[in-house]
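Below are two complexes that have subunit A in common, paired first with subunit B and then with subunit C.
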Partner chain A sequence: MDKILEILKNLHPEHDYSNSDDFIKESLIDSLDVVILVDRLEKEFGVFIDGADVVPENFKNLNTIRNFILRLKDGKSL
Partner chain B sequence: MKLNEAGILGSGKMPLDCAKILLARGKKINFILETEKIVFSSLKYFCDKNRINYRNTSNKETTEYLRSLDRALVLFSINNNYIFPPDIVRQKKFRIINFHNSVLPSYKGHGQIIPSWVIYNGEKKHGVTWHLVDEDIDTGNILCQDEFDLIDRETAITLSLRCIECGITIFRENLDIFFDLKKHGIPQTDKEDCIYISPQKYKVYRKSDIPNAGYMDISWDYSHCSRFLRSLDYHPFAVLPFPKIILKNVEYMIIRYYIESKGCEDKGSKLIKRGSEENIAEFIIEYDEGYIRLYLSKVEKGG
Partner chain C sequence: MAKVYKCSNKKISGILSVVPKNTVRFIDELDNYNLSKERGLEMQRTIGLYERRLVQDEECASDLCLYGLENLINNNFLKIEDIGAIIFVTQTPDHFMPPTSSIIQGKLNCSKDVLCFDINQGCAGYLYGLFQAFMLLDHIDKKVLLLNGDTLSRRCCPYDRNIYPLIGDAGSITIVEKSDDQDEIYLNLQSDGTRYDWLIIPAGAFRKPSTEQTREIKLYPDGNKRSEEDFYMNGAGVFTFTQVDVPLTIKELFEKTNIRLEEIDYFMFHQPNRFMLQKLAKKLGVSEEKLPNNIVGKFGNSSSVSIPVNICWNIANILLERRLKICMSGFGVGLSWGTLIMNMGPLEFCSLVEK
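Right, the complex of A and B next:
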């Protein structure tokens, strides 16, 4: 979780990701951030993220990103 | 005479960033029409927060909405694939300004396929244009442009992002020109200098015009293969179909590729699509300049 938060904080240090339930609704990430975020998550966690999995449900908040990465590491995806 | 009110048509981050600039500079935004719904767009939330009329509209609804307007407005078309009908373009009350991700008059057409062709054609420079809209596609007078160098290992997604960044920067710098009715811009026919090298640069590209119809040719040299793979790479978004290759009469989808230069420690690598490992074949092509490693998934008949 800390690593994910660190990646997000590097994107936008001014945003409070820890206390947000919906990054998209609160304009904390946009489509261009997602491109960078996916690249960094792949490198940090050694996973491959398929375009089909790049949906708001997986990137809604810290918990959904964490669960998404855990599923990928377990060889599962949505 | 200067206008002070605007409407925006488009989708995603770029119209959102431009809207923020307009508000910060004291311009009134009457509406934002999101003409294509894309994931991760927060345009609606931004509009709700700033009390701007927001609608997610089909082409027909967009036309009806524009025809219903009776105010003098600057209409910004930003990452917008809606084509303005002639009767809207001819209305004197509208000053319609479009963002295009090339240095016009070259590389006209669908914005999502332009970065692909720029990379595939081996261009060294690229850029963006804000121009007035007339009755043809991307042919109106140029209000402002900027250009930049392509970087090594540029992909369709990285080039798209850099175009957006460049477009927003010159949007901010040229805002006064956009709202000044006395600024008519430069006719594209008056532009003599050109930054592009490809003879195909004057084509009007449709989204379905994919480099080599989406098929990699095993006989190509290293540079050609590299440019082809990078030109279709919009990872992590599925903007274009996955590239394909035919080997011994069998068709494969290229789900992942790595481009490795000899003597270069920083190996470029990109994932295009995950597949189940048992169905993936690895295929390596060696050149004097380096290696291209492909991960292939057999295309099933009818699939």
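Right, the complex of A and C next:
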């Protein structure tokens, strides 16, 4: 399974993240989930996420999170 | 660019913080938030949620401040006749009216010349209160009592994990007075009322009076529960605000005053949660030793009282001994935020007591 999807499923197994376009609008994650998500992404992918990048545009759905992490890793595969 | 306000010949001569004895542990509340023990422990580690202090029954913020005032009077750190004005910064007053500062003035049996001001401010309220105190001292020769107090736990739904596990209750007394010291105090303050609803108690006042409907606890799609009379926070928005607007204003103050970050002994910031403060410290390039982040995990986020609690818990012993260059920053409801740089100490008193 995609590592990002695995992290999200681990947060809330009851939600279907792969079929959502906007986790925040659809209330699939709340603000404390975002904090845990940022912490887990940093550990899993060895990146530092600047607080200013913790914005809805980067955490909207699986694709935006994937692209954001790719940018932080300078395009190296996840 | 935020305007820089300069004050001189003013000093903080002492700070006393008061926290309730009642200690609540996050790990004992997991059922309220529908969290497994595993997830609770992860949140505890990441966000720094351990324990916090909450008032019980109908105890008010003014009760905590009055307890501290009695302590100062009994220990000869304060004489009633030396008080020129009382500023009470709170979002949880005793009543809609009268001002709680008036109630405190009456309970202290102060002279009728003692001016009373209530300021409705939250996490930036320590800086708003200090600025008001500095301005009053241009007209008053006596001491200004800056009281900060909040009991917001009484306005949070215990089933809302976005807010309830973060909140703590506390009160503080800061004595501000004139000084021969000509060291400049620098301060900037900002407000953005277009984001007023990011931290709000939507109902229960006059815009949306209390009804059976506004008191009803509802389940929201993210799994949290609260009524319209409970504290609501747009957590994602507030996080971005603290990482974008706040550091910008802090850096501006340093640039405009030609003070270098390295000159600061301690960054005593408002305490929203450990994770946010760690991110903010990294963004500023400041070590965690110089920017403490341990208050939410020990006492909870007590709004405008979190800066004095932070000072009294982390650096009291140093401030009693010597002079330090301190940077304070407060940010929250309004939205309101600001930063202050001043030399402080040696203080006459600086401690934290339990009520």
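One rule holds in what follows: the second predicted complex is superposed on the first by the 73 of 78 C-alpha atoms of A that agree within 3 Å, B and C clash if a C-alpha of one lies under 4 Å from a C-alpha of the other, contacts with A are read in each partner's own complex, and residues count from 1 in each chain.
Basically, contacts are C-beta pairs under 8 Å (C-beta built on N, C-alpha and C of every residue); 3 or more make two chains touch, one makes a residue touch a chain.
Note that the structure is a prediction, hence the values are computed from the model and not measured.
After overlaying the two complexes on the shared chain, residue contacts for A:42 are found with subunit B alone; subunit C is out of touch. When the shared chain is aligned, no partner comes close enough to touch A:70: not subunit B, not subunit C. Applying the stated contact rule after C-alpha superposition, one finds that A:27 touches each of subunit B and subunit C.
In the superposition on chain A, contact is made by A:51 with both subunit B and subunit C. Residues 24, 26-27, 29-32, 34-35, 38, 48, 50-52, 54-56 of subunit A touch subunit B in one complex and subunit C in the other.
Those residues of subunit A lying in contact with subunit C across their complex are 11, 24, 26-32, 34-36, 38-39, 48, 50-52, 54-56. Here subunit B touches subunit A in the complex through residues 12-13, 16, 38-42, 45-46, 157, 161, 164, 234-238, 256, 271-274, going by the rule given at the top. Every residue of subunit C that touches subunit A in the complex is listed here, in rising order: 39, 42-43, 46-47, 161-162, 220-224, 233-236, 238-240, 242-244, 247, 273, 275-276, 279-280, 282-283.
Listed in rising order, the residues of subunit A touching subunit B in the complex are 24-27, 29-32, 34-35, 38, 42, 48-52, 54-56, 59, 77.
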